[in-house]
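Next, two complexes with chain A in common: one pairs it with chain B, the other with chain C.
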Partner chain A sequence: MAELEVKQKRLNGRGLFWTWSPRSEKEAGESIVRNLLLHWFPAKVTLKSLSWGYSLWLGTITAALFLILGITGVILMFLYVPSVERAYQSIKDIEYVVSFGWFIRAMHRNAAHLMVASAFLHMVRVFLTGAYKNGIGVGQNRPLNWIVGVVLLLITLLLSFTGYLLPWDQLAFWAITVGTNIAKSAPLVGEWIRFILLGGHEIEQNALIRFYVLHCFFLPSAVLILFSYHMWRIRKDGGLACVDNLVLSQKKEKVKDGIKSKTYSLLGLTTGRTVQVEATLLDEEKYTVNSVPFLIRRIGLVMLGTFIFVALISLFINAPLEEPANPNVTPNPAKAPWYFLWLQELVAITTIRIGGFVLNGAFIGGILIPGVLVLLLAIWPYFDKSSNLNTGVWFGKERIRQNIVFLVLCFFVILLIIIGTYMRGPNWEFYFPWEPWPEIPKKF
Partner chain B sequence: MKLNRRNFLKTIGIGSLLVGLVGQLYTWIRSLFPNVSYESVRRVKLDEPDKIPDGVTFIDDIKAYIFREGKTFYAISAVCTHLGCTVKYVGLSKPKIVKIGGKEVEVKWEFHCPCHGSKFYGDGTNYAGPAPRPLDWVKVEISPEDGKLVLDLNKTVPQNYKLTV
Partner chain C sequence: MEKEKLKKDVIAIYAVAVIGLIVTLIVYVGYFTPEWKMYQSEFKKYVKQKLGEEKAKGIETGIKQIYVKELRRVDRCITCHMGYEWKGLENAPNPFKTHPKEILDKHPVSKYGCTICHGGQGYALNKEEAHGFIEHWEEPLLGKELEDLYRPPDRKVLMQMNCNICHRYDTLTAGADYINYAKKLVKEKGCRACHKINGRGGVIGPDLTYEGDKAPEQFDYARIGGRKSVFAWHVAHFKNPKMVSPESIMPEMGFGSREAIALTLLMLSWKKVHLPPEYYPQSYTALADLPTPEEIEKERQMREGEGAFFVNKGCFVCHSISVFGIESAAKIGPDLSNAVEDVPSRFGKTLENFIKEPTGTMAIVLGSQITLTDEEKATVVQLLTKAYEKYRKQQLTSKH
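Let's turn to the complex of A and B:
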């Protein structure tokens, strides 16, 4: 009898694809467990986690952008030559000779910029919803996942930065000059870090091949590994933080009749009350739906939307290519990539003189301030003492003050980026966007 | 822990595994520190002193400006002491008098850095922007072999180091 059913499944063409469109509750549950691509999702998902308004789906958008970067990046690897003599020419060929080369390059570039932005916004969302906080489940460790997130954000920045050098044009060369000289001003290890990063004292062939390998293999691998852990942690933490909030509000209603206690988790018998058991406190009928198709459909939609968006803007916004790198002529003004411009702005204004003693702004603005900020960011969950009623809700009542401080800091960073991008002219002097820049002699 | 045969072998086993691993790790990391540099030169030979043009000339290879005032030669590095951008020579339309280290000096040109706006007087002294110290002066010498002028970045010289031939 069972054999017959299997045969029937094959016959009507659902053999391979049935997991994507289950016909019964049972199939819906199995479709998650049986499918390699889906097995990391939960079988059921709360409506709140699915909503557009809670997570804004920024994490998924970031992942979609990373996927786009992976695909377009591999294609670019077939076309790009990481050598000082040929790098610029090969990018020029991609831009002007290779069929659709300009489009693939634009997609890669635009997705990279967007990924920096979306990872940042995702972090802002997580902060404002208090989603780095534990709720009620046993074995939750959302603060750790937040730290993983901070590392992912840093790697995303590094990915962008290493990619910036590869075209070997003026833009690339000088952005990397300024960037790596900031590393040099770190006390004690600075020189050493710059030397090993560049494979020498100057930005030449050694630096190019190092950045290339970091950009194409090392850093993407790191993102993949950490991203897997990021997702695994979300499962171990009992789903998104908003689920805890839901359970907590239900608990208040149910506590009178005593809490049901099962010891089955999804993976079998366990000791203690696990995350999954807590989740059974939920009124499943009312608050959850099957992941297939509801979660999968939404993820598909977000991915498709991201893809279309990037493709569309890439028709109009192309990746820039300036003159070939020339170590002797610094373009005026010379700017770092936009997401580092707040640092460049700090670096330009924080040289401190106390009597004869001078502290290089590169150290204060380029290392000290961002270092402290990132450290604070990473350990903030351990300072947040608000109750778990503030886990997974936008603008929790007890977190108003920290949310404001966080937003003000973000605002400053964004403000500095805007000033650096639109209001800095030759010699890094301040100009309003409507003010014309003075003519500057090209020759010295 | 009693050191019986089992524990002894286990310790040796894990120990050698660790030693092996650390050794491998060392080779990987050490290989990334270059032993030979194929970078561009840090020392250039120019022409005979009297073939160098009067005034200022930019020397591409080592990013420095060389100055000639009659029989006197000196060179100032064009690498900004802030974050390493190449500073531009800016001739002033009329010379100005400034105080450098307490002395009044007439400056006819300046150096401006395009990256974060540092400015230096003609002798390399920083007076505006984030640069923490003056531009480096570069060693100018006469090659003993053929009498040509040589600029050498490997040797440090104090500010106002000038060579008169």
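Let's turn to the complex of A and C:
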């Protein structure tokens, strides 16, 4: 009788919130197993994975920023008009008359910059901890997830870049001019890529609507799909890489203590051992906690913290809006968005003048060097031959040399970005931050 | 890491939430206390005091704007400048003052808005940004602040620049004395000898038809002291063209501040503005910018006289030849009546040689604007020799 009441209650709830009703407990259980969302988080999670110090929670921060961008972005979509005649006006209206418009726009802009930065830092963390390496489980494919991550980083850059054009002011117009001119210098396909991207040879209405559709629909969709896969892969790979490391070190302890660890294949169906089987070797009491509430709560904390941080800085750092776009007047200096400034700087450095002969650096600086770097990044896990003891550890002993090389490259990219952002004045001349630039003339 | 530490997350969440609450509060306080609300409540108080409570009660508050679709302008100035159409606030302090009525009768606010005449940023809702004295806004309010900066000899003149957006082709515009003066100077000084304006004129200097559209970055400020602005550049350039750009062949006209500022305002008003035809004033001279009948008659007389050759070739734009009854409007160059003796003293070569191999400004004029065949060059020498004989006779008779 009591059971029947419970079922009745469930049925009522189901009517509103759950359109599908499982006919048996087995079916209900299967539905959970098959559900992608419920595959994201495990029931139990190691303390190491939860710690601030291992992952720095940079992935979660990036996801939280993407969420903020989605929410503020949808609001902005209701207010923004993607036309060359109206775009600038509509941004002015967002800034001055839309309730909280300036705040939402500032949050969108700041979150966008932060997302580029946090996605990059997330990648740096994964590299330095050797977290793209497989550990001990079967079916692990962390290198694949690393490549997905690299693609996600590239899409993040594209998202930010396409959004840069939308205000249709001088900053937007000339940053996209610089960016697409770099793309043009790619051999054979460069001209074609620029044409496809801009929908013509000029940055005009066609370019604006393309960037708008890419920015608001295609690129976010691509991120959503890849992000879902990225998260699901983490589960398939047995959680964060530090778990593998924990299991390995514990196994050593046990062997030392004379306790035999069992090795067996899963029901004799697959060779090797599954992650789950290895995980049982973990002293659960000592090393793990339940995901609910600990993991969920910490994710909530990081997301809330990210949200509040973005809101807080948006009080002080507002989104810029310069003069309306004017193809006839090039601001001096015209700069690409900051995350592409290292490329612009490279182009400037690799442009060599010998007398009257100018060797344009756009190909070397804008295509070749970044192309090689991205390619190297994607295939790096397949060249990393260090043992799996270096999986999921900060600065693993066998990986010192590659970590140094990686850090030096990152340092140069960041250095070039800083020089490009703060130390390049009119005519791309070098100015120290404390040196004043020549006065920028005005109409009146 | 300890499990106990994880439990501290709860405290952290509360702490972050408190910061969030504070941020929310700050944003809301800002939302409910914008600058314009202060002006509106002050306006209510002022009206109550001056015109009575009844009037004050009728005032509607909130953001107000004039949307002029034809001019693609949204002007929110009236959110603070609420008294612009009120009677009885003629002597009120700004921003409550009534707008002078006569000019609004001809230029209704609903059809023109505010910024097309006054400048400033119509979108904005706070004083600093609305008046436009900020970075990245190129049309500041053409008012007291700017006049304090540039100190024109008379006050309330900068705004006349914008009158000329619609009144561009008028010879005289009521109330725009600086613009009228500048237009007179353009005729008198013969600017069109070298410059194209509204499609008519020479090609020695740059076309000035849309000079006002040039961006600040397109000027060289290396030889300008003080403020680096297009306005300052033009004023300095009119006063002394060679000082501002040494390669310029533009003659120094001896302009004072008044002339230089008037001409600068006129030049800056020459912009491409999206203007539906009905916004141009309906007058007989409108849309034409043609020479007057008197000017045409005078030219006809000169064209039929002894010096017809110089008139037809266009020399008379800059040079008078008084002995032939030719009077130049601009008088940029010297009178050619005594060219036979004047040329050697100026250039150290005979007139014949100078015409064949001119130097300085004339090299450019004869190289591009007025091209002469060898026969015509001979004619020039022949005619000017004749003029010189006449000139000598006149000199002698006047001495006696």
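We adopt the following convention: the second predicted complex is superposed on the first by the 374 of 444 C-alpha atoms of A that agree within 3 Å, B and C clash if a C-alpha of one lies under 4 Å from a C-alpha of the other, contacts with A are read in each partner's own complex, and residues count from 1 in each chain.
We adopt the following convention: a residue touches a chain if its C-beta (ideal position, glycine included) is under 8 Å from a C-beta of that chain, and two chains touch if they have at least 3 such contacts.
Remember, predicted model here, so these are calculated numbers, not experimental data.
Chemist: Please work out whether A:Gly361 is in contact with chain B alone, chain C alone, both, or neither, and reply first, second, both or neither.
Modeler: Only chain B is touched by A:Gly361; chain C is not.
Chemist: Touch test for A:Pro331: chain B only (first), chain C only (second), both, or neither?
Modeler: In the superposition, A:Pro331 contacts both chain B and chain C.
Chemist: Once the shared chain is lined up, is A:Glu435 touching chain B (first), chain C (second), both, or neither of them?
Modeler: neither
Chemist: After the superposition on A, what does A:Arg297 contact: first (chain B), second (chain C), both or neither?
Modeler: second
Chemist: In the overlaid three-chain picture, which partner chain does A:Glu398 touch, first (chain B) or second (chain C), both, or neither?
Modeler: In the superposition, A:Glu398 touches no partner, neither chain B nor chain C.
Chemist: Identify the partner contact of A:Ile182: answer first if only chain B is touched, second if only chain C is, both if each is, neither if none is.
Modeler: first
Chemist: Of the two partner chains, chain B (first) and chain C (second), which one does A:Phe100 touch, if any: first, second, both, or neither?
Modeler: After superposition on chain A, A:Phe100 lies in contact with chain C alone.
Chemist: So, A:Leu321: does it touch chain B (first), chain C (second), both, or neither?
Modeler: The second partner, chain C, only.
Chemist: Would you mind listing the overlap between the chain B footprint and the chain C footprint on chain A?
Modeler: 328-332, 444
Chemist: Which stretch or stretches of chain A touch chain B in the complex?
Modeler: 174, 177-178, 181-182, 195-196, 199-202, 204-206, 327-334, 344, 347-351, 358-362, 426-429, 444
Chemist: Which bits of chain A are touching chain C when the two form their complex?
Modeler: Result: residues 47-48, 50-51, 85, 89, 92-93, 95-97, 99-100, 103, 169-170, 289, 294, 297-298, 300-301, 304-305, 307-308, 311-312, 315, 321-323, 326, 328-332, 439-444 of chain A touch chain C.
Chemist: Quick check on the complex: what are the chain C residues that touch chain A?
Modeler: Going by the criterion above, the answer is residues 1-3, 6, 9-10, 12-13, 16-17, 19-20, 23-24, 26-27, 31, 63, 72, 74, 76, 123-125, 136-140, 146, 149, 215-219, 221, 228-231, 268.
Chemist: Please output the residues of chain B touching chain A within their complex, sorted ascending.
Modeler: 32-34, 37-40, 58, 60, 63, 82-90, 112-117, 119, 129-133
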